[in-house]
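To keep things simple, chains are lettered A, B, C and D as they appear, and every chain counts its residues starting from 1.
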Amino acid sequence: MSESFKGVFAALTTPFLEERIAPDFFRENIEKYNQFELAGYVVGGSSGESVQLTDDECADLISTAVKAAAPGKTIIAGTARQSTRLTVEFTNRAADLGAQAALIVMPSYYKSLMTTEALKTHYLVIAGKSKIPVIIYHIPQNTGIFPSSELFVELSQHPNILGVKDSSGNLSSFAETYPRMAGHSVYFLGAGSIIFPALMMGATGGILMLGSVAPDLVARLYRLFLEERWKEAAQLQRSLVPLNQAVTKNYGIPAAKYVLDQRGFHGGEPRLPLLPLDDSIKPRIQGILRNLGLID
Amino acid sequence: MSESFKGVFAALTTPFLEERIAPDFFRENIEKYNQFELAGYVVGGSSGESVQLTDDECADLISTAVKAAAPGKTIIAGTARQSTRLTVEFTNRAADLGAQAALIVMPSYYKSLMTTEALKTHYLVIAGKSKIPVIIYHIPQNTGIFPSSELFVELSQHPNILGVKDSSGNLSSFAETYPRMAGHSVYFLGAGSIIFPALMMGATGGILMLGSVAPDLVARLYRLFLEERWKEAAQLQRSLVPLNQAVTKNYGIPAAKYVLDQRGFHGGEPRLPLLPLDDSIKPRIQGILRNLGLID
Amino acid sequence: MSESFKGVFAALTTPFLEERIAPDFFRENIEKYNQFELAGYVVGGSSGESVQLTDDECADLISTAVKAAAPGKTIIAGTARQSTRLTVEFTNRAADLGAQAALIVMPSYYKSLMTTEALKTHYLVIAGKSKIPVIIYHIPQNTGIFPSSELFVELSQHPNILGVKDSSGNLSSFAETYPRMAGHSVYFLGAGSIIFPALMMGATGGILMLGSVAPDLVARLYRLFLEERWKEAAQLQRSLVPLNQAVTKNYGIPAAKYVLDQRGFHGGEPRLPLLPLDDSIKPRIQGILRNLGLID
Amino acid sequence: MSESFKGVFAALTTPFLEERIAPDFFRENIEKYNQFELAGYVVGGSSGESVQLTDDECADLISTAVKAAAPGKTIIAGTARQSTRLTVEFTNRAADLGAQAALIVMPSYYKSLMTTEALKTHYLVIAGKSKIPVIIYHIPQNTGIFPSSELFVELSQHPNILGVKDSSGNLSSFAETYPRMAGHSVYFLGAGSIIFPALMMGATGGILMLGSVAPDLVARLYRLFLEERWKEAAQLQRSLVPLNQAVTKNYGIPAAKYVLDQRGFHGGEPRLPLLPLDDSIKPRIQGILRNLGLID
């Protein structure tokens, strides 16, 4: 497993200006992120509202990120479409723009037809045709797709399948699946509340919304882990839970963008149908940030 | 409620040729459907693999359907995208191409954020900006979104919201919801196994995959209903259940396309990740068609 | 199929007095129900809070019902326990008390182990040892168990399995399953909002909470069906939907008991953890009853 | 928080002899468990097939466990019934028999009525009347009940509510919930694959099926945790995952009982509808045990 895919990635949000994507804001955010010890950035993932963007908008953001990222930062692009064919096309477009790996969420519209066989075929065709390594993205709370762990184990044998990003929050699944995957495999957690325990249990790293809203603290957590300062790490992890839950499970992207605004990044409003964060929630978020010492 | 939106619609499939859409095949299919007493056609719905097509491919099919449809046949286009903005854009593109109404499935990726408020805002913005009437498309088995009936009742008050297509198969929901919707509202069932009972209970009509694979029998069923020949209708409805379940719940689009091939339409294979119908299933489907007298 | 199991059954509620079951109230309710053209009564079903009763309490109610029912009324007892063994024991106790059939809900605690094989074994063992015919009770909204239609088809071959009660509200499942079941099989719907459409499609009858709260109207609906007065039946069915949804999906047993109190039956409060009907809901229920002419 | 409720508990299985419970076998098992550093035993939990036992059988087992347990071992009894009233009665019966706390799973039959308000009332009434402390048992994969974390936080304020056992496997929920509960609260994990990470994050302990089938290794894991030998603990935890998944998620109680038989405990067959472990699975389980050095 390459060092390029080890550690914690920020799952970037997409800033808009008058409902259009704002690549300049996006670049400025990345320039700020560059100062932290993050492994790299994910562009066009769930955090980036990628399903709400056009292909051209996604491409624009990938291109911007590739240019703005500091040397050594790895760029992973979310490139899934519902069909295998369009996924291959967009994945290779992302590769041509400089993305180093593709994060590919499971197709989910025809749920009853997404058998193990169908999903296997889907990923094998993509892996066979993609110019860059493929990361299988498992986020059942969004897709409603619950494959068996065998799928991950079998797909991991393909040399162009790099591994898994698992946002299920189910550490038992990780513990059951990862040891049976091919030796070259990575396993990223997508759940910021349990990234330290996952690292302790052998996870490769994290792809985290929390990495976007608290890059400083997430980088510090990873460093504490590397330095085997377990108790401090556990304590920092615990303190990060309220923030993580706020920007994921409880209020999601609108809350993450509000936090970014509070912290001097370009957050802004999400695209409809995501509603902007309700004013009544803002004091609660501010309280969380204050507890962490992130705002005064 | 206009007569244009009454009766049974065929939910069209999309024929491919060497993985590209085949508009000529699509046109030839429609020319055959024209001979049956169907109210019209839905292009780019779930049956048409619309989520697996590009915008240009969808537009091409809508345009083809508008030209190929016999006079008096209503064209409804599936135009949903995950964001409100892109849905509006594609809906108006469909309108410009001649579609008479837009069938708009619920956005479903950010499930936990798809509150009643978010869905309401989504549809109201679309209805306000769309050049053609909007039909709310409820298919929870695909979207994983289960709104309360209040959402449909409230949205139905908007003059540019024509009504609902409900593919849940839950006739109780229909019975509870429709009487409380605005007077101008339509309510289409998307479940071919219960279309006659639904009509008896006051439904406006159906938008059915079954209308594509058995346009003759579905048209006859609707005629029996209009002529109040209830017992014959109930008997025909019962006989249609195995075919309907085969092309929807049990084997889906791949089975529907196989039936079309058997009946002289252009069926063909679906796009991946939908797998072609397994050979082992084909005899069962042929048995069903034989029982209905549709093949020898 | 015997005539004893045809038509509409009232799914009885259980009256309590100072938290104890009140067999006298239960008897008085049944004496009132006797005047209506109902096929019989279900004791100890979901409507009767049976899971919240002791075996002795259930037995007491069955015994009371057997004695109180007018000649010709069929008594069906809910007799399921989570284990096969205890289900057999209680079923035969119910048989000894005079129950004519046993309604047996699926075991559901060990969900992941409730495979088709396990459920099949369960029902076959019970059917083999039960002194009275067994009705398989499917209510997935309560059990979380979703067996394939094959299970019902296979089990129906057993001579002591009488058929199915299906409270899923999914008329498509009924239409797909019932024609493939053994010739002697009954199929009861448990969904009062669609009982007329189900009868039109060939269902044997209904086991309905609506039969308890509106025995007069439900009996009239079934009579209209028998007399082939379809349009009147459809209209009556539509008018019953709000009441049915109130006492099932929307507010459940507490609402049903409130309706019974309003109509001169013994309703009363449910056992905790079911909370009594909230006062704020009562005017809505009264409005529904007034619309149906059931109260002034 | 008392020391009596700290550490790892074995969630005991129930041995049967010719379909009857076998208290002697149960006692002999406990006498063997006494030699390991376990905090105590849970009788009549999910692992013990309690929903498949009569009250008298449960009482017999509790009584046996109280007598057989070595001094200092804490006995927790599963005492939930579907109604509040019967839960209180059986909880106090368990208390009289010597159980030190009651583990009370959520009532789940009337799912749509199990609102936060109903669950809160249920547990508060029980806590108010129970002679022993109450542990709220959350196992959504069995109950289908998914309360918000607020419920746990609020209930934890009651002095007779000791805390939570959480078998969801969702460490994020734990991390979000526990810090907001009352200071006296315990939080047990029910997921053996993640017990070490949970302990690292501050959990009180575990109530584990794994504690029954591998009491030696689970006790060693807890000791490594206490001695802050994190790396060894993480490694042991990882090695335990296949066994844990086999006896829980993958094959459940039948597999656990098979393991017990292999290891010289009284395992035996479960009660129907749980089927005995399929022969085809046994070599896989043996392989797992061999890898752990538990059999030759």
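Going forward, contacts are C-beta pairs under 8 Å (C-beta built on N, C-alpha and C of every residue); 3 or more make two chains touch, one makes a residue touch a chain.
Bear in mind that the values here come from a model prediction, so they are computed numbers and not experimental data.
Minimum number of contact steps separating chain B from chain D: 2.
Touching chain A and chain C together: B, D.
By count of C-beta pairs in contact, A-B exceeds the other of the chain pairs A-B and B-C. Two copies of one chain, chain C and chain D, form a contact in which over half of the residue numbers belong to both partners.
Farthest from chain B in terms of Cα centroid separation is D. Computed centre separation for the pair chain B/chain C is 35 angstrom, with centres defined by C-alpha atoms. Shared interface positions of chain B, i.e. residues touching 2 or more other chains, are given as 249. All chain pairs that count as touching, in label order, are A-B, A-D, B-C, C-D. By the touch criterion stated above, chain A contacts chain B in their complex at residues 19, 46, 49, 51-54, 81-86, 107, 109-115, 117-119, 121-122, 125, 141-142, 144, 249, 252-254, 271-275.
Contact residues of chain B toward chain C in the complex are 169-173, 175-176, 179, 191, 193-194, 196-198, 200-202, 228, 230, 234, 237-238, 241-242, 244-245, 249.
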